[in-house]
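Shared chain: chain A. Partners: chain B in the first complex, chain C in the second.
Our next item is the complex of A and B:
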């Protein structure tokens, strides 16, 4: 008997080679596989129990490959563990219904949130964890590396080089994690061409390319029609500009998606200009190409924008503004969700966005009792980055005001990210925006989650803005004081009715709660006349005809 | 008065029902009738636990355009989509009844001046038709509107002004079609069955209601103008509608009567010929029809300004 056993160090590679060999019958030229062979290809390269990624986020989707995965024979391919950003197409859920996949780790489920909750209840899905985007990408490089990734791009050549262009989004982070652990990368593209405008993903990271029968699906999630912005949103936007952006000199920021932030964007060239703030606030954004930002860009407010993803119809406009956006040598923008999230975590001074519910302690969530929705990237930006070590004016000022700071780190100077939640005291259908307990707590029980899905925790939240005014929560020296400040902005909700006017008066004196009047905001001016653009068509005009809105936003 | 200029310059599409009502008549002549102070609210909504509004979603009143007493009913889409309930309907019928009284009075006291003093009724449509919470009353109201419009023939003109967010759909699409004159801005939409309902009944392949561009070029003002379903297409200001009403009144009643799209055998034949043409032409899209009527670049017709459109668009003969 020999004493030295030979340890095999390349099992992953051997396995990959086996799979590639099984796929060979379907390969035509180079790395090209025909769309009609896609299902067979998936059956050849995916093994039961594999971790599989279907690329997709809140914008672009590898929809054709997702549908193909639904059509594989569950006898051959089953028990898959899906590791992917979103569950937002019905095909993403169908693979569980058909017994092809059984477990999921993800970050956002949007439209499929209700169905996901049902599946979890019925035991059709084993729910791993709900992540933020960046957190999930991190785990691709730790314990959730995809064995097979189903990616999506605009174009490929026969050698597998990909052009993902304007909508590059998650592709690099997925392809790199998969390929550098000897996984299999398959890409659907709108067309296979001889020459690409540029190479976003090198061909040796990609094993197969398939021209999909239809262009990939892309959701214009970040487009808001200015025609639907209300006076109440305009009032809150005025308060934000005067009471937060001007007050702290916010220059680097992210705007969450929604009408509230769209209103802020459309007020910069009007109200912002009137307050003389140009050049002093809103210079640099981590942001998708929001059409509502066009007037501010055109008026010279914005120096730079890096984008998570591309927004439908904005490609020509973005291309024509290379000083502002991140443009490749070919002239087109490259978005990158991972880098944008990284910048959003470390390099912005302020995150501002909306939510569904804020509890009496200041925790907020968009979860409801019957939907498992997840939060995508909001928590990466809606938190104080503890690893941050560079100082800016806004960050330093907020840190100086942080009343709990001395309790946590003595007299050591330290800054703080501004994390702002815009909230209407009563939302659609009179649902209260402030609650005693978040629905997320109920959801934890019904969906058997490890912890309630909280989007932004109270200790990260610095400001709440409602039509009642602004609560400067980081200035509160205790939880009791913070709860009083929340009651002050909570209006006629049950939480707000607990307000003690004498206590609120004290908070006003301390500058912890400010009404529109305290801020010098003229409420009578809070109407749609203040918007730099009132319709989608106005945005097209501002862009000089470069913005080409998708059909669902064209009311002409 | 600066405020008046502001009102007349304001976007009709953006305006509230009250702003639209006040702006349809001459400066300083508006009186609201059965307004919020009278608190005429729906008796049906509270039973269903729904909130009421003190004007039941329609602003009614009277003012002058030149010497013409003009009775205005202006629907507010923000209240239950501008849907017609019992009180809402009664208020609009009330405007017709008053117009009749004024007409009779002028004819009795100064019949020679009827042409310059002829009253008018203006309905600013923003509605999907019947309010489902009180649908019987709402349907009856529709019948009464039709009755009133019929009764107005030979006496005074009825204007439909359309250009607000909801458009004019459902039963009120019929009512609008039955008026003498239809004025729209580029955002106006006029139809019977709403886009979502068509999709629900006939499928997405037949009509994709999420494709707003498709919805607009099928139900929107530019198509209606080319087809002569709308008589006038005006700029999107309250003043443009106001001016248009004044100009039409100046044309005299005989000319106005010719603007109708239905109401006599000749017009019925014309509509039937159109139905035949559509079978023959089998258009896949409004643009096919625009091209048929001689518009060489139909896809451009939705991209240009209203002024450019009015200068270039070729209408159905």
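Our next item is the complex of A and C:
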């Protein structure tokens, strides 16, 4: 038997070679392309309809390449399908306005959330799905592999080796997916040098490197000024330390970006020390190098920290604490959002953070009716990882207390992740933190989404902490009981006003609801004197001068 | 910013005497309030006078103050609050903190 035709098995590679050949006129030495040729380079290697990734997260941004993509000729480059972690720069949105890109799959849109909702309504943008980071990275290796990736690093050499260092973040997961499907990887770097401190991305994964006219943009998102921490945040922090961290012996955890967790971090060396908890709680974290954690690290609380990304001004401090952070052979930290998220999904015992709204069933979301914001990594950490098979004390205890467990898997011993939401019953302008229905439901309709964007579902949420006390939701044997527990912590919001005092008393007897008094937390001590650092300047002092805060946090 | 005055009177189920003759606590910063307690024989009742720029939350004030009186059992005292947009959270915390301080002082 003979076959008339021969199947071609390397169309992707042939296509890539054509593109690389088209780009040759712009290549100088090795893989170096000049900044002024960047737009022409993009026009040479990007084809209409391509899946394109612009690297960037809530910290570092490939901002120069994003601006260059806005300048390509829409007659040559159009209908792109953007697959990327965030839409946070105005250039990320301009490419849709100009008709260069048409569709987007992403994780988080922070500052561009309002504009994104408008574009979706006006039909300027076709919205794929809103993912968690890990979910989107997963799809890079399934059906959303970028054809061209626009990455960012600190330094490159002329052979394309990249140094991404402290802010490695998403680069490895993007570059690997793209290059190993024969895609094109372009990197902007702050400088091209002869010798790199270390190689974070090997040169044969990178096709072109461009020295950008100015250093990449990076947001100090995880810097919280202790001067802005309020007494009610301190009260909630005291309740968390006593009623959750000490109660369960929480050793492995993530702290989010908010002031509530900053307050907890600043109470460890004071209130935590007073309760004799050092060594028993908060030993291992995944988090960005939070400046507010410096006093706890300096007081010997923290054994290890792996970071999603770097934080501006923390590099020298981190470098000087190699026993705590993950440090490369060159002495500098390497962050990696993918691996930190993986640890956040499988290896932490507790996720804790704030939210905008919790509904009467215990579903929570930061979505508002007019902004499509997404949640980044929170849902992967704020859920019970169903594939987890290793036990720790905290995980086991929470599982033992899980009242719905026997209904779901009989008498089989199984643990449970603690997922804690810290909530102020009323925020500024008296916006209620507890609502009958989430704004996410309205957003689903206005933005025509498949499902309402929920950050944490009720069945994953184990604890809510408000100034009223702590609701231990996983101890509830039914949705009706859980709703009563939510009313008990919902204060004077409409949800809370439905509270039946007799019912709340029953919940107190069962240990499902505990007030500050029940927990033995002295409300009169809930003031700023309890903070280990009261200002950014105090944090600099704690660090022995190693922490170098960004200018906007220097008010002295 | 027009200020309005609200007054309420409550009586605790298990009244207990206020621990000191006079007590002041807090600062009228943004999102905060000050409170003054002055002991007086009111037949077991507690009188509240609130000066606040916020309108439309009379019912919430009533609930917050009633809950404070019921839980603490305070009696025979005039309470004056000067409010600058404190949330119900802050109001109830400031009241609880002031009472704790009064007990420590006594």
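Basically, the second predicted complex is superposed on the first by the 553 of 556 C-alpha atoms of A that agree within 3 Å, B and C clash if a C-alpha of one lies under 4 Å from a C-alpha of the other, contacts with A are read in each partner's own complex, and residues count from 1 in each chain.
One rule holds for everything that comes next: a residue touches a chain if its C-beta (ideal position, glycine included) is under 8 Å from a C-beta of that chain, and two chains touch if they have at least 3 such contacts.
Since this is a predicted model, take the numbers as computed values, not measurements.
Visitor: Will chain C clash with chain B on chain A after the two structures are superposed, or do they fit?
Guide: clash
Visitor: In the superposed arrangement, which partner chain does A:467 touch: chain B (first), chain C (second), both, or neither?
Guide: Second partner only, chain C.
Visitor: Just to be sure I read the superposition right, which of the two partners does A:534 touch: chain B = first, chain C = second, or both, or neither?
Guide: First partner only, chain B.
Visitor: Figure out whether A:235 sits in contact with chain B (first) or chain C (second), or with both, or with neither.
Guide: Second partner only.
Visitor: Once chain A of both complexes is superposed, is A:554 in touch with chain B (first), chain C (second), both, or neither?
Guide: A:554 contacts chain B only, not chain C.
Visitor: Answer with first, second, both or neither: which of chain B and chain C does A:442 touch in the superposed model?
Guide: A:442: touches no partner chain.
Visitor: Tell me which partner A:428 touches in the superposition: chain B (first), chain C (second), both or neither.
Guide: second
Visitor: I'd like to know which partner A:103 touches here: chain B for first, chain C for second, both or neither.
Guide: It touches nothing on chain B or chain C.
Visitor: Does chain C touch more residues of chain A than chain B does, or is it the other way round?
Guide: For chain A, the partner with the higher number of touched residues is C.
Visitor: Between chain B (first) and chain C (second), which, if any, makes contact with A:319: first, second, both or neither?
Guide: In the superposition, A:319 contacts neither chain B nor chain C.
Visitor: After superposing on chain A, which of these stretches of chain B ends up overlapping chain C: 45-53, 171-179, 279-287 or 297-305?
Guide: 45-53
Visitor: Where on chain B does chain A make contact in their complex?
Guide: 11, 13-14, 165, 186-187, 210-214, 216, 220, 222, 302-303
Visitor: What residues on chain A touch chain B, complex-wise?
Guide: Where chain A meets chain B, its residues are 227, 528, 534-535, 551-556.
Visitor: Please name which positions on chain A make contact with chain C in the complex.
Guide: Residues of chain A touching chain C: 230-232, 235, 424-428, 430, 466-467, 491-492, 497, 522-524, 526-527.
Visitor: Taking the touch rule as given, give the residues of chain C at its contact with chain A in the complex, in rising order.
Guide: 31, 54, 57, 60, 63-64, 87-90, 92-93, 96-97, 100-101, 104
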